[in-house]
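Take a look at the structure set out below.
A, B, C and D are the chain letters, set down in written order, and residue numbers restart from 1 in every chain.
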Amino acid sequence: MAFKRFVEVGRICLISYGRLSNQLCVIVDVMDQNHVIIDAADGSPVQRQVINLKRLNLTDLVVKLPRGCKSKTVHKVMAQEDVEAKFAATAWGRKIARQRLRAGLNDFDRFKVMVARKRRSYLIGQELGALRKERSGGA
Amino acid sequence: MAKEPVRLYCKGLVLGYRRSQRRQHPQQARVQIEGVKTRQDTVFYAGKRVAYVYKAKTEKHTRKGTLTRHRCIWGKIIGAHGNTGVVRVKFARNIPPSAFGKRVRVMLYPSNI
Amino acid sequence: MPFKQYVIVGRRLPDPKRPHKAADDALYKMIIYAPDPIKAKSKYYYFLSQLLKTKRSTAEVVSVTEVQERNTTRVKNYTVWLRYQSRTGQVNMLKEARATSVAAAVESIYQDMAGRHRARYESIQILRVQETPSNQCKRPATLQMIDPHIRFPLPHKLQRASSRALRTTFKAKLPVTTITK
Amino acid sequence: MTCRDTRNAKKQAASRAGVRRRPEYPTEYVRRPLPTGAKRRAQRQVTRLRPSLVPGTVVILLAGRFRGCRVVFLKQLPKSGLLLVSGPLVLNGVPLRRVNQAYVIATSTRVDVSEVDVTAIDDAWFTAGAAKQRAARRLQQKKRQAEAGEMDVDKPSEGRPPEKIALQKQVDNALLVSIKKETLLKEYLQSRFSLTKGQYPHQMKF
């Protein structure tokens, strides 16, 4: 199987450890085989920094960046390419968004989710029952 | 005892007394609370009441006047023990060693949320 | 502990018993790489004793200044000349490191020396550190990183819990470390 | 000028004016009882509530008969500092009740209580007639003990006085108006809170 995700300049990554975990960033330079320099979109809590690749998860997304470019360029490219939205549209991005949403729910919201879940399983059960009936009736 | 309709406590586990290699302090017990993994997490539980509920042979009168085999030792969380989320609990009467490895209830009160 | 770059100025203490010479007024300024000023001063006294006949009690440190480097988010290539006491004799070396600051480069050199040659901090003397343009680098390890279109996969990755609170002693599933994507 | 200088200057000025300050000490020891706990409490300010507790907050009761119930916090009672809460009674069976703030979790859900009039309720509202009720209960108990054998099912207790029932209704009706405005809020108040597997309160938001 060929590799699809590479450590390269412009690779969009997710930080996987610590305070900044699950924050999007982009590789702007490769220092050695274990360390890279990352930067992020404007307004992100991620500052330009050296990071160990152990603390980074590579995503499928890549943007075009000159190696070692300035933060200003990174901000511009990240905004232009709409990286945030592109990632949010992926399954991985949706999962993270859902986790964040779930963690932020208050007691009333949890109750509403519970009600919705019950409703869903009720409807599924209803449908399933109808299908079963249909089948047994046909057989 | 019938299962209560609601659980309003966290599950805790008595690990033992607070101790050093050769000395132990039965006045304080170490309790591990489920889901509490770091010292920062224990801040939420500081001061919370702890109940060690157990069954004894002899029945005793409750305040309501009924007889029951269940008894309870109440305690209070007095601080963190180490950095892995274990807490120190002071019980009204020192908890017996037979309680080690047993379940305690960490109540949600006194609440500060 | 991260290494820092210190500029240390010191001198030999005048000795009333010794005839005063013009050279006795000289101040000696050195750039020392060390984790803290205490260790830096120790290294300074060592180097000074190599230059002059002094020891701690006959010399003094006038000032210790930590050099705050600028632009520590740009990767640079550093060439480091060093000398170390191996088990058989003194060895001079030229090493290259990629880092974002001089101090970080020196630190990685110390680590490298410890790993490859089992050389301790005491037995290593950093002679000179210089930032080198990419086209003048020599070592293959540096050259392969200089490649403008560098691109490599991470074939062996261990997923770690994102915080201490999420670490578990036991796992339900074996971790998959060979990521082929 | 040092402090001592100032003091000396003052003394001199006072003596010049012919006034001599003389400390007055009682010659006899007068025994004055220290204020009792209740008095001291009365002197003190009103109990401070947590900032999360504002009138209208839905709170979860943590202990007692109604543990787990989600109820509405109406106001703080000035004298005791306790919270006045109401279920409302029709929704979850919790009547107008006093609770200590230590025994509730304040949620971030709020109910509009601007239309709810609870000015008539204070601590005395709860304690009035309590002594009478207690006495009646004791009497009944004694009676029961006297007729030990024949356990007559104690006749229905007197219940709450009609004016309390009326006020409860009035409060509940006003509350229900605003509760009904939000979908599922009624059901939410009807349900009980419980911790389930994998829920750790220190990680949860309320």
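Methods note: contacts are C-beta pairs under 8 Å (C-beta built on N, C-alpha and C of every residue); 3 or more make two chains touch, one makes a residue touch a chain.
Predicted model, so just to flag it, every value in this text is computed and none were measured.
Colleague: Could you see whether A-C or B-C has the larger number of C-beta contact pairs?
Modeller: A-C
Colleague: Averaged over CA atoms, how far is the centre of chain C from the centre of chain D? Could you give it in whole Å?
Modeller: Those two chain centres are 66 Å apart.
Colleague: Find the geometric centre of each of chain A and chain C from their Cα atoms only, then give the gap between the two centres in Å, rounded to an integer.
Modeller: So the centroids are 38 Å from each other.
Colleague: Which whole number of Å gives the spacing of the CA centres of chain B and chain C?
Modeller: 52
Colleague: Using mean C-alpha positions as chain centres, tell me how far chain A is from chain D in Å, no decimals.
Modeller: Roughly 48 Å separates the two chain centres.
Colleague: Mind pulling the residue numbers of chain D that touch at least two other chains?
Modeller: 193, 203, 206
Colleague: Mind pulling the residue numbers of chain B that touch at least two other chains?
Modeller: Expected reply: 41.
Colleague: Among the residues of chain A, which are close enough to touch at least two other chains?
Modeller: None at all.
Colleague: Every pair of chains that touch: which are they?
Modeller: Every pair of chains meeting the touch criterion: A-C, A-D, B-C, B-D.
Colleague: Quick one: which bits of chain C touch chain A in the complex? Just the residue numbers, please.
Modeller: Interface residues on chain C, with respect to chain A: 73-75, 98-100, 141, 145, 148-155, 157-160, 162-163, 179-181.
Colleague: Note which residues of chain A are touching chain D in the complex, please.
Modeller: Going through chain A, the ones touching chain D are 103-108, 111-112, 115.
Colleague: Which residues of chain D touch chain A in the complex?
Modeller: 58, 60, 70, 107-109, 184-185, 187-188, 191, 193, 203-206
Colleague: Taking the complex as given, what residues does chain D use to touch chain B?
Modeller: Per the stated touch rule, the residues are 50, 52, 62-63, 67-68, 101-106, 192-196, 198, 200-203, 206.
Colleague: Give the list of chain C residues in touch with chain B in this complex.
Modeller: Within the complex, chain C contacts chain B at residues 164-167.
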